[in-house]
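In this document, chain identifiers A, B, C and D correspond to the written order of the chains, with residue numbering beginning at 1 in each.
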Amino acid sequence: MAEIETALAQVAAEMAEARDRGSVATYIPQLGKVDPQRFGIAVAMNDGRVFAEGDADEPFSIQSVSKVFTLTLALGKIGDSLWQRVGREPSGNPFNSIVQLEHEHGIPRNPFVNAGAIVVTDVLLAGHQPREAIGEILRFVQFLCDDDSVYIDRSVAASEQATGFRNYALANYMRSFGNLTHAPEMALGVYFHHCAFAMTCRQLALAGRYLANGGRHSGTGHTVISTERARRINALMLTCGHYDGSGEFAFRVGIPGKSGVGGGILAVVPGVASIAVWSPGLNANGNSKLGSLALERLAKVMNWSVFAP
Amino acid sequence: MAEIETALAQVAAEMAEARDRGSVATYIPQLGKVDPQRFGIAVAMNDGRVFAEGDADEPFSIQSVSKVFTLTLALGKIGDSLWQRVGREPSGNPFNSIVQLEHEHGIPRNPFVNAGAIVVTDVLLAGHQPREAIGEILRFVQFLCDDDSVYIDRSVAASEQATGFRNYALANYMRSFGNLTHAPEMALGVYFHHCAFAMTCRQLALAGRYLANGGRHSGTGHTVISTERARRINALMLTCGHYDGSGEFAFRVGIPGKSGVGGGILAVVPGVASIAVWSPGLNANGNSKLGSLALERLAKVMNWSVFAP
Amino acid sequence: MAEIETALAQVAAEMAEARDRGSVATYIPQLGKVDPQRFGIAVAMNDGRVFAEGDADEPFSIQSVSKVFTLTLALGKIGDSLWQRVGREPSGNPFNSIVQLEHEHGIPRNPFVNAGAIVVTDVLLAGHQPREAIGEILRFVQFLCDDDSVYIDRSVAASEQATGFRNYALANYMRSFGNLTHAPEMALGVYFHHCAFAMTCRQLALAGRYLANGGRHSGTGHTVISTERARRINALMLTCGHYDGSGEFAFRVGIPGKSGVGGGILAVVPGVASIAVWSPGLNANGNSKLGSLALERLAKVMNWSVFAP
Amino acid sequence: MAEIETALAQVAAEMAEARDRGSVATYIPQLGKVDPQRFGIAVAMNDGRVFAEGDADEPFSIQSVSKVFTLTLALGKIGDSLWQRVGREPSGNPFNSIVQLEHEHGIPRNPFVNAGAIVVTDVLLAGHQPREAIGEILRFVQFLCDDDSVYIDRSVAASEQATGFRNYALANYMRSFGNLTHAPEMALGVYFHHCAFAMTCRQLALAGRYLANGGRHSGTGHTVISTERARRINALMLTCGHYDGSGEFAFRVGIPGKSGVGGGILAVVPGVASIAVWSPGLNANGNSKLGSLALERLAKVMNWSVFAP
């Protein structure tokens, strides 16, 4: 097994050379403006050490990676009753597919496809104004990474609010089945804002430490979530964290991960480390092309796989 | 963490009490005759010890569990070119669904749904007569568990051959897309026979040791498959091993597993143990009801989860 | 062949006896309040005679029947370029299905499923404020039946506007594919209002005369639409006018017709008559149960079928 | 309205000039050998006159046009109980789609998609050996056109039997739902043979006369089927006779028709004429490209439309 510093430097160097970097998401206009040459990676070891390479301190739009944090919050809020409104199975469909909702009466397949994450957000809205709910999620993420500089990129949120017609469709569709308790615009208002959180790789890696450490914040020692729930969130990340490319990621990389169309991926090596990587170009499934590749390389060199002896 | 003997006895005792044992598969008439009260479990530790409880020495029809062994053989035979003919993604559909094949031009989602396993069998047929291919698979499984008494239950094979119309449909359908190189009856002839292998829990747990041990046979030390491939088969078992209940199994049990409609499940704790469990009653997704529950209990007590620190 | 007066009286008498009258639509709350005992029928012969029975002078919500009139207007406005945005094939799916839209990139199957009718409405909005577009459609229908008392039931429109989440989903979904040029709320605002037109059977039968008469208003002699277009609208009514029950209606009744969830059906006997029937109880496909039956009986007695020699 | 001789000559001349003639079906190898320049048309008027142009006396493979005759026979044999096993709705899917069967439990949408026609054939097999059933269907068609020279092109039947994997898939799939009473190979054996009937346009137009004449053979005066059933078969031809292009055909041509992948179409002008046209090149929906166009032109010139006043 290699030293993490060496491994990380080697992976970053290899990625800097990469010619085919995928395509930057353009369906959210604001995201289309990001420079595809960016690449950053940060590793927060359970022992407290943090390593970083490349653009690891440049904030990017975490987008769907935020679904890990909202799921954690929602489970803390209403517990396993959440699973009456959202499933736990891979979808076998693109992230924004609506077909499955029609066949399964408005119950999304899992909390990481858009529809499922909108339901999770709807849960977090209960008893709150949208502004309060957004604030609660933001403070939770700031707490997780112990860094108050995490902020909301309002131009990204506004961009999605103006153009996220598919998400409006999903929300209204679930509402028609009674699986949304707030007005679609309200739930989506919160959803678009937590997707627009801007974080650096370093912050994101730090925020993910509780998942690598059995639910306990490896920095402060605070319990964020029970050990069983931390495991189960990892399980969901592995089976559903990369949309229709989840099987491929599990096959190639072999650790739980959650990607976002901003090009970020949060990955977890249980018992060892939390990793954040960012490169804006996406592959055909909407996951960061170089991010996936960097994690595959790093996991191989470090022998990090949940499937290894 | 508990002692394995104690844990196993406790789980077996709990299962003996279970009232709701699921429904025995009836779509293969021969399987419908099995006594739903049966329950067996065996654990083959990487250190060589083997533990068993209940009907662990009674042979049962392993059915789809055999797909793990045929996949292993096919990867050994043609390597990663297999993945041009079969995908690596969870299907989001029942095991015998044909819908996905129409939408994806005859390429099955993964090697563990029926369609995918039929393609794998087609690979193993190349250059062989069906009888020879069946013999090769049988000898491989006998080698894996170091027990020549594994046999083919010909009445089960005949039962499927006479009634497996869905599988004939799948095979012919893939043939129409050119994704089957032999006549459907030939590929299915081999497929029905390897699904009809009769094994005990003890044999099955022993046969799975290479997956818990990085591809090396923990008994003899022979390398069955490379470490990377062993990992990847584990990854596929985790994401796709329980059909449309794979996410649920990963969520609840947290280790790779492959189920069969005969009520068997082979599960793997990488680095630790290979487990086989059998109880004929199935849940709604076609996976052993008590088998899944027993694995959930055992994994919890033993703290066996690939997602745990 | 029978006399129309006799036939009509006989059919009305038979319907008055009917025990199983279907279920009144409840998904638009306002519609759920209508008395299921209502039944009316009116026939406007091409020769100018009009016959009516039952509650033929009681206004009801025409709902999707209005799609015939908006299609007529839109074809007049932009001609056959409409068919670049909406298809002409039966959908094989329920009226509010979204599955087909995902598979066919936001192009609805035909102008009579909800999605297609929303596109047609979007066409009519071009260059107008919603209020003006609604006014234009209303005046057109008033002109067709030569009766200014046709009105908009604003409580029905408001009811749909507050609860029509499926339609919001469809509109947003098409917007995400670029197949809606106005904001979804604007297009739906107009759509909900023309669906909320309140008309009597007599008015509706009169309004449909141009379709029975080669595009010419049989009362005034004005040309509403070309003969070829009138035929083609009839063809669309026959193949797509009853959602997933269109084949059944063509099979049993044998004449073009368009139904609405308010329980109305407009049917056309080319060269002979325009018929409107109303009974609020619906069958499983969302078409008026007694309305369909009454048309089947009447067509049989009168030997009215486009498929008869 | 034009004279039929003139109109026919004019249409044939126009077709002879056509550059884009579509693509000859190649999925049945034997059909791929047909010369795409062929074009024939024949019209059998109810008054007994027969007109023909082009290659109207050259036999071609009628393929799915035979489904009209088997449906007629099956309705004569078991009456409306047929509709318990096959629907009457347009499918909204290609002719050989299997998706709908999975969603609707093995009940095909209508008797003109492949799956539905296989069920119809299964009905005709009851109490017969395949050879007898084929003979019965052949004699029926010979009787209808009063010409014993109609024959089975055995090379086409053999070609399909060797390569018709999709149809084997459909048959086995329906068998798995219990909606096929004979072995799939038996039902398909008969199916492939009646699809391989070789007929000329003249023979086919003559065979269709009963549909244009209320069920009575306009030549001999024999009643082939009741008037109501003749109408209903016409209705099914209009709504389902051109697979996923049925709406388009109804829209453009406006008369009932049934196409086959051999390039033939049988069309019916109720009360007036039976028409057969043949040109081997197909459009994207699998219907004869020039055949459809010729019927559109002819129907327009002759003012033949079931939707016209």
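Just so we're on the same page, contacts are C-beta pairs under 8 Å (C-beta built on N, C-alpha and C of every residue); 3 or more make two chains touch, one makes a residue touch a chain.
Predicted model, so just to flag it, every value in this text is computed and none were measured.
K.L.:
Chains shared as neighbours by subunit C and subunit D?
P.N.:
Of all the chains present, none is in contact with both subunit C and subunit D.
K.L.:
From the centre of subunit D, which other chain's Cα mean sits the farthest off?
P.N.:
A
K.L.:
Compute the distance, rounded to whole Å, between the mean C-alpha positions of subunit B and subunit C.
P.N.:
55
K.L.:
Go ahead and note the Å separation of the Cα centroids belonging to subunit A and subunit B.
P.N.:
32
K.L.:
What whole-number Å value describes the gap between the mean CA coordinates of subunit A and subunit C?
P.N.:
Going by mean C-alpha positions, subunit A sits 47 Å from subunit C.
K.L.:
Give the residues of subunit D that touch two or more other chains, as numbers and ranges in rising order.
P.N.:
none
K.L.:
Between which chains is there touch?
P.N.:
Touching chain pairs, listed by label, are A-B, A-C, B-D, C-D.
K.L.:
Within the complex, which stretch of subunit B touches subunit D?
P.N.:
Subunit B residues touching subunit D: 97-99, 101-103, 165-166, 168-170, 172-173, 175-176, 184.
K.L.:
What residues of subunit B sit close enough to touch subunit A in their complex?
P.N.:
Result: residues 46, 87-93, 100, 109-110, 212-214, 227, 230-232, 234-236, 238-240, 244-248, 250-251, 254, 256, 270-272, 305-309 of subunit B touch subunit A.
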